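Two complexes follow with chain A in common, the first pairing it with chain B and the second with chain C.
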Partner chain A sequence: MNALDSVPELAGLRRVALWAAVSGVLATLAGALFDPTQFFRSYLMAWVYWGGVALGCLGLLMVYHLTGGGWGVAIRRLLEAAAGTLPAAAVLFVPLLFGLGALYAWTDRAAVLADHVLSQKAAYLNVPFFIARTALYFVVWLALAHFLDRWSRRQDETAEAWPGERMKRLSGGGLVVYGLAMTFAAFDWIMSLEPHWFSTIFGMIFIADSALGALAFVLVISYLLARGGAFGRVLAPPILNDLGNLLLAFVMVYAYVSFSQLLIIWSANLPEEITWYLHRVEGGWQLLANALAIFYFAVPFMVLLSRGNKRQPRRLALIAGGVLAARLLSVFFLIGPAFYRRGLGAHWLDVAALVGLGGVWVALFVWRLSSRPLLAQGDPELAPALARKH
Partner chain B sequence: MAHEDPHAPRLYGLVAEFDSPDALVAAGRRAVQEGYRDLDAYTPFPIEALHEAMGFDRTRVPLVVLIGAITGAVAGYGLQYWASTIAYPLNVGGRPLHSWPAFIVPTFETTVLFAALAAVFGMLALNRLPQPYHPIFNTPRFALASRDRFFLAIEARDPKFDLVATRRFLESFTPREVTEVEE
Partner chain C sequence: MAPASHPHPPAEPPASKGAATPESAFIAPGHTFGSITDKISAIVLTRRTPVGWLLGFAIAFGLVMLFLMAVTWLLLKGTGIWGVNIPVGWGFAIINFVWWIGIGHAGTLISAILLLLHQHWRTSINRFAEAMTLFAVACAGLFPILHTGRPWLAYWLLPYPNSMGLWPQFRSPLIWDVFAVTTYATVSALFWFVGLVPDLATLRDRARSRVGRTIYGVLALGWRGSARHWARYESAYLLLAGLATPLVLSVHTVVSFDFAISVLPGWHTTIFPPYFVAGAIYSGFAMVLTLAIPIRAAYGLQDFITQRHLDNMAKVMLATGLIVAYGYAMEAFIAWYSGSFYERFMYWNRVTGPYWPVFWALIATNIVIPQLLWLKKVRLNVPVLFGIALVINTGMWLERFVIVVTSLHRDFLPSSWGMYYPTMWDWFTYVGTIGLFVAMLFLFIRFLPMISIFEMRTLLPESKVKDSAHA
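Up next, the complex of A and B:
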């Protein structure tokens, strides 16, 4: 069986991904030999970027199973393929566990004992508990992805309704557990980079960011796929309009939760909270903050208001591509200032790790996507989506 | 036509009554293709295909809403800016007088408020509502338009309107009935 049976359109993308994987991984490994600390930092950012897309897709998939609707049946297989990369993404997370000392200040015992706040937090922020929690998050995500995948395959084989019912029921409770796992993962992996700082809404920011990245990624891929055929018929202008509105909603949710955090911390102006923002409005970082506000909120918000932009596949894909690119800024904004303390900066390894991990992940995604038909034959939403007249 | 009785009721148009939304959409699409412009459809529930078939998508309400939203944003932000920097410059916790983060939430609220008001009143104005009298209600059984019937009206003021030809056109879609409705 040809590896690209159901998605010959993605042969080019796969070739690019494989080249990116080979060159990026080689460059990253070379960099890791010379500068292990920088390797771990760059690799964390790359993982949060690509792993966030995969995790966001799992969340969107559960939202679809819970709500149904024509918007979801079109992109369902893409979400499933991305969620199917999570076991590999979990394996790709393992290298980071060897670099906790390079990443997190709270791993330094002497520094923790000398610092009152950090010694108070030591019961939570310590290496064994961190690893145990990370393992638990992955158990939750992998279990959700596993059962959704299994019942989705059963749904294709049988005409009975039970697999759909089970996916719906799992997704209801699953989203709650998913949200908790995402929240604490954001606290552990990203927020604890600056261990004095805390923000309870930070998990929501990570969830919104991941969902936005996931939807943008899926829209770009579905544009590459939708050149005619049944898939293109399902992804008709009204559905694109819905997906564009969803993208607009996520753009606004991200801005909303990010601004909520800013407003509360800015109003209180407490030393242990405001420092996080002070690192991000000084030393050149304010450029990144402004670029984030413009390219991750203002521009996509404005262009997504227009109905014409949402109904036109090419334009929507361009906007989604822009959002996907702007998400680099958001991940860098959340993580970068923790590492580059002397002002706005970046290392070539940041790019290499992003390209290498991205290549590996996209290749995995294409492989997962090609293993099943592009449209979910067993999905009760499919028939009405195909029958719709335009 | 000078010899016409000025008090005699004038013709509003022809109204066709359909059993199914599909027949209405087909008739509506064809009517637009034939060049009819002064026509309207009445259905018990929104039919998405009808909007596209009859070109109802071209509405100016979004523009009105956008103007309302921009007005609300400028007015809301401007009010706060004026109040806290010009009219009552108070030092609150040592913050600058022009503290933009604090202004964002009320600005958002006024934006939404003005946009919503613009949407409601803009829609009413563009529909020329409220309208105490409308001849379409002279159509027999028109109350069923909010239950299970689908009506298509072609108005007499349409340049292409011709009592005989338009009636024949509407009847070709096998409606239950085509009625002449008076003003």
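Up next, the complex of A and C:
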């Protein structure tokens, strides 16, 4: 059964995505002609936003294969579809490699030689090594996504247990290399935008941010799909409650790692570390910082405490949508101040790239999702989830 | 969910399902409500005190005497009898404080977080894991108080109105520690006691001696097992679990701030909070295994603490151990990446400086050897698992030694460098607290049910039938 035919919402989502893709990509290309530097900056933010969702979904998928649980079987196909977009996301990353000079100060050889600290880091922060590392990260992610996808398809065809066993085994070691690749990708792509600055927790912040974005995205989509049918039956209140708790946990983890970084750096007040926050509390950026604390932590935290909000599909989807929107702030908070040094600002290309890339990515996601039934029939967790009485 | 709301358990043994084998089950087949109650309460009430218990308690009590002697000498002479001096002002006292308080975290995680996550396998291990938490926190708390040098003035740490113009520095994480640890001790004690109440009532009803009936009776707070009692108990217990959950994170986060808030290379690094929390859970589970494996063998509790429990705990150790390894990797990489001379020197000094054997022993015990836990064969081999748990206990102690000592002994100016060597009084105090911990644990095993009787009953198939009938 093709999900696209049976679920009109999915077809509608694809229509919207394609419109966004066409208009956003055209606008972005037009902008790129006039202001290539700004294009690369906007495109990096857009990629981190949407690519982060795809990568977060891959991580959640592996966590599910490792631990099992009713929460995972309900959203498994969505996670798989998002992880399945990673080859395309890798291709979409390629344009950035042509703009490294516009993005990263450490590509300027003369500036590096004139700067004592940067010349110390030159063995790591240089263009060939950067590209090689980025390629390695994608090899890791694509390999994980590929084998999980292949065995998941085998699980659909056979009643045997081996595909599930293999996915579980791969996910154990897979999460280790996934975490390392995510960490160093965060160091390379985002942290090195301000090349003097360093923070050992930064990789965890990126992982937590991606996982939160991924779960929020999946919850919004699952609400669209849950109108009736077997999929809606699996997404029953107890499962929604678990998913809502997971969202709450991720909201708290993100706040925990971010606040830890802030408190430790603020307390020590060391000149080489404090710059990153100075760029984020001055010139209007403090508004964004405050908005982030309110909409990415305080509000979702408060509303997710309520059991009623988690058990109501519509309310949970609204909250997840809010988190997804607030993640725009978090990505902008991480990257934007590196570019807009004269104060809080944004360029229309930031929006265009986000819409264009988002349209392309969501359309890919819908295409991957509609290629398979919405529920994983071979998953041993499915039968208990369907049989549960409420 | 209404665990064990059955005042009159059925007498006939259940039809053994046969499918459940000890390797995959959380309770061996063939048990009834009655047999569980008999088996656990007999350890306290009817069985003779084993010779091994007397011997073990005697040794532990001897170590407590050693501890008291060390403390007496400390109070007479002052902290100069310890190895601490400038530049290493935080020696064994802080290493042991962090080590003990970390161990406590597994108890809270097992009893609170696993309860909220519906992980029913926690049932047979949560009681003594919580007891372990309490005793570990007690041992932990002794160190900073003794380290103040004038422990009788320790109440100065609390903000209270006084005529001395004395007020704690609220920007200091050391003061946050005071609050974090006292809250932790209070909530853990409450949680443990509330969980004990129904079982204390069981002991009251079954005790044959008048003294036993009286003491257990007073502690049972008039518990009669009525439906109303159970309903209130359930909500109180869940509430306490909710209160205890953030403590798993907050206490060791604050402990990590003790270091990270400073400007010292090796202490001041942003990964510390999550990596300390993971390390705490890692060491805590290692300690739970260190205790559970001998206890289940000595008292024949393999029916209740099954292979699957050990397997699950080993997996938690593996996962948290990997997060700790990730923390080490981030420290090493960023020390280099920072481009800061002092950061780089700090790490190089750890790896090749005077304390290099400690560092490499740490890598071997905390990172390399625990990787054996990837193998199912190892996780199911009880003696090997016990050995790995001991290795991790050692490794986590070495970790705190490396953090505390190597960062302090060589910081910025070579003219203020120095070495730290623990004295015999450091060792006596440390070994003494191990004795204190073990002695309290022995008393607990002897006088209280070490496995929750009424929660174990909920693992039986009979209670499941009732559950779904009500749902």
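Keep this in mind: the second predicted complex is superposed on the first by the 383 of 390 C-alpha atoms of A that agree within 3 Å, B and C clash if a C-alpha of one lies under 4 Å from a C-alpha of the other, contacts with A are read in each partner's own complex, and residues count from 1 in each chain.
Convention: a contact is a pair of C-beta atoms (placed from the backbone, for glycine too) under 8 Å apart; a residue touches a chain by one contact, two chains touch by 3 or more.
What you see is a predicted model; the values in this text were computed from it and never measured.
**Q** Go through the superposed model and pick first if A:Leu263 touches only chain B, second if only chain C, both, or neither.
**A** both
**Q** After superposing on the shared chain, does chain C or chain B touch more chain A residues?
**A** Touching more of chain A: C.
**Q** Quick one: classify A:Ala387 as touching chain B (first), chain C (second), both or neither.
**A** neither
**Q** For A:Ala110 in the superposed arrangement: first (chain B), second (chain C), both or neither?
**A** Neither chain B nor chain C is touched by A:Ala110.
**Q** Looking at chain A, which of its residues have contacts with both chain B and chain C?
**A** 263, 267, 389
**Q** Which of the residues in chain A come into contact with chain C in the complex?
**A** Listed in rising order, the residues of chain A that touch chain C are 116-118, 120-121, 124, 172-173, 176, 179-180, 183, 187, 196, 198-204, 256-257, 260-261, 263-265, 267-268, 270, 272, 389.
**Q** Per the contact definition, I'd like the list of chain C residues that touch chain A in the complex.
**A** Checking each residue of chain C against chain A gives 171, 249, 253, 257, 260-263, 268-274, 322, 326-327, 329-331, 334, 337-340, 374, 471.
**Q** Considering the complex alone, what residue numbers of chain A touch chain B?
**A** Spelled out, the residues of chain A in touch with chain B are 238, 259, 262-263, 266-267, 269, 305, 307, 389-390.
**Q** Within their complex, state which residues of chain B touch chain A.
**A** 48-49, 52, 62, 66, 93, 95, 101-102, 104-105
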